[in-house]
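Sharing a structure with you now.
Here the chain labels run A, B, C, D, E and F in written order, and each chain numbers its own residues starting at 1.
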């Protein structure tokens, strides 16, 4: 025994003290280009590697009849440094996840319930769109505009995972019409007419 | 129109000809450290980004009462270069995914149905184990021994995603007892007695 | 001499034969997630590392009074594998580079002539916009919507560089209104009214 | 002189103040996914880049007649951020480094003295095993089970290097039999019988 | 409105609180292998993404009749984590940027004014040299010796960008003759004679 | 048995067919920014992971009384994609590895025999130099000028490993004096006088 523990501690004491197989994020610690600093391994429990927030349906009582519940590093520090994160998409009848991008990650969508029409647009303006059934998966390359629409009569549910703990989410309409980007600039850079921009800003709460 | 198309084609002709937002794998092409070579974008359809193979349950009529259905780059070339892949875990009553590692990726498990007891062991021999319910997710860091056990009376189902198109899968018992690693070496490197090794080799088909 | 050449060739013969400090892209060779395969070093000249296509002004006689001339890997194979590429922005009076993203790279803009109003919108809808003078530089993080507008009475010129040989370029209006994404889907995913979508599709050549 | 120093300090004052060619780890500072924070360059001496701990033989008076002396970032902070680390393997006659993996790095082994039988098992259960003489090197891909056995009558010595400052080390028997993973779970996930598990737990100090 | 903001805040409150699209460097915070820690996004303004220090010509009244003005992370924290940085090269008539390397980045040079003879030497001692005109660009692979010489009668100006926020700059003569590397070692490792070394040390301020 | 093999083949047939844990380089296949394409796993033997070329001393009968024997990807295709390579340094009495850099990798040196004075120069011209004994290791950051000198009366031997399969090796004197870089340019970019440059070119075989 003793001798084993000699070898054992020789290796693992140092490992234990300073070397980690993972880096659960300490959201109160410094954040850097590679992610958050690590919680001390001695403080970790299995709960640091588990997230229960996706078990509950999101609230779809809104004008898009849909909800996105993220499990990014901000909600689930266990993904810090792992090159992975997840989110839950709830789509009520008629629900839609509007045109958006993830600036920081590729996406893999898995339909858990119902039917979803999903698609993305490539840099060369090629369009890739289809309707997915339960159990089918589709990938959406990083940074490209994409969307999901409930294609069935009933609710639909999907799990999406990302190639980064911090994929980001830029919803086109919110960026243009819920921000304070001056109407004049939105018009000049989108070819939309001023009336359309002002109307959507009124709906989505944009200013400027 | 014409003038727009001037700008348009100026950028996109070249983009279209040579620049890609993605790299759907050509499994017949050369494979390199970063993945397979890309299918020509002009040949792509939405089906290249969709995989339906996870819609069907795996066959759990085996001694582990479980099945793993992979959607790695070898089955789903659309994930090539995206830092993502997936798999479906079917666990019949009493089913278990035996102790294994993924040498090439971190894992995120999402329970879709039933209850699953899952855990991993860290380099310092700390054990992180818990029982997950439907909708709960857990992460397993790259290269560490982990397992999943059906914790319920009925079947259980999980979707796992990985931080690589090519996570690899090394099942401990298959590595030791279904390979041709000589019994003498297995004994010497695992402290297992020869009788145990021979018995398991007989069950799992190992030689040597 | 001889002895030096012994050491010399010992190292460099192999280097010369097989090891490269760089990987000039062979656009006829296979393309992979990390870029194009390399031209044989023995065939290279200094011209493989030089690109003259940015010396000439782009044609700004179009409805945006602007032109983007890329030096991406498709035009300049010398950047293959270097994590860099460039482009030239010509902005005539009143010119604008419409709202767009680069799915695959961060951008650094340097104003060479005139005044340019530039900005981007972050995932949290914060807007970062300013007017830049000659010699000033600004960065635009990967995948975020951004734009450049000529803020002066005369022409403006900028050099932009990217953190990838293959940054991609998704121009918002082209993606929505010059593609074949069905009008019904554009309407449903952008909250724009059908008339607006049809009008812009007519201008930009979209179908569906 | 003065003028040179003008240019000189122009560049290097800032470099000196803030830019580093390296990042010697400050083990008391925050640890992140990319490694430890850097010691201030002004505090560094050549000793920060040197490690003498591998000069001394490890203690092989244990049941495996072998010792692993690590020079990972925890012991040698100079490797922080360099994508490299090392370790010394001492194998007394009959010595063995038991079946193990490095979850975080590839390995390159160089035999410095004696003869070593080494091998690894791939994901497809292929076995790659051979006996190495002094001066021969072998690589072991990340995350795969591997081992080293003294193949000679006398002691053997090897230097191993890794593709990460923090390769990790998971010794199979310690993970299964020196941890607190419940015997019932070990049995269920390894097909080993309970008696074998309990016997090895008794030897290696496992609980549960 | 309310409902939108429900969805909206659901996603963006967390994003806003903890998830960033970028990581502007906090030069007072910890520095790690991946760069500096991030300034809190709530404190950021557009000025954090803009650098005006390259608008002013460098002082070329020195023995090389040239100046390098860096916009590395140390001067422009906005490039932290973006894989990009820049610098301005001013070359008076007869000016030269002496033989140097960037240990940490590839370089892309763009001639803004005048004519510049530039070149680099590869590991196999191949030489790639040419003379560039206004608007032409050239790349210099990481870590290779290279130089720029004013090839015209008047001043020349170039903008260089790098594939890292922290490219480093090692000027050969400063390393050898402005450092405290003992003359005996310089002689032994460069084949230069002692008189030459001592003369250049006297000019450049080296000791030892 | 059958049932196990069902699961077994379900997973491993595909793995075996298309997914690799490693990518042994096919030096006849295409080379890309991430390395060479992979040899088919079915053709591999343990010899693909072993290199015996470092077992033999290099020929030190040359003017530097030293030899470098590389085990880079060009000589040892097994390191392809592994982020590792190695080399053997033989230093006869009085031997020296002249001032050089590795443009593509960090280095870890281990002294196997004798005494070696080693050092490097940082971007800020700080010098880190020491004398190493048998068993001591030292790291040299990527791209920085460094050297090794036999510090003993007898021969010295070292094993060096690198953080890349393709570290590159630029020997300062060979780059300047064994290349065809015109003498006039060498003089202008190094401050060396023409006589010195011509003398060294004569010794090392440079032209121009």
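Please note the rule applied: a residue touches a chain if its C-beta (ideal position, glycine included) is under 8 Å from a C-beta of that chain, and two chains touch if they have at least 3 such contacts.
What you see is a predicted model; the values in this text were computed from it and never measured.
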### Query
Which chains make contact with subunit C and with subunit E at once?
A, F
### Query
In degrees and to the nearest 5, what turn takes the CA positions of subunit D onto those of subunit E?
120
### Query
Computing the C-alpha centre of each chain, which chain sits at the greatest distance from subunit C?
D
### Message
Using mean CA coordinates as chain centres, what's the gap between subunit A and subunit F in Å?
### Response
42
### Task
Using mean C-alpha positions as chain centres, tell me how far subunit A is from subunit D in Å, no decimals.
35
### Query
For subunit E and subunit F, what's the span in angstrom between their mean Cα positions?
26
### Query
subunit C: which residues touch two or more other chains?
12, 15, 19, 21, 30, 32-34, 103-104, 119, 122-123, 125-126, 129, 141-144, 168-169, 174, 178, 203-204
### Query
Tell me, which pairs of chains are in touch?
A-B, A-C, A-D, A-E, B-C, B-D, B-F, C-E, C-F, D-E, D-F, E-F
### Query
Which bits of subunit A are touching subunit C when the two form their complex?
96, 98-99, 101-104, 117, 119, 121-123, 125-127, 129, 141-145, 147, 149, 168-170, 172-181, 185, 188-193, 196, 200, 203-204, 208
### subunit A - residues contacting subunit D, complex
1, 3-8, 10-12, 14-15, 17-21, 23, 29-30, 32-38, 80-81
## Note on the structure
subunit C contacts subunit E in the complex at 12, 15-16, 19, 21-22, 41, 44-47, 49-52, 54-56, 71, 76, 78-79, 82-86, 88, 106-108, 110, 112, 119-120, 122-126, 128-130, 132-144, 159, 161-163
#### Entry: Sites on subunit F touched by subunit C in the complex
27, 30-34, 58-59, 61-64, 66-70, 72-75, 103-104, 166, 168-169, 171, 174, 178, 203-205
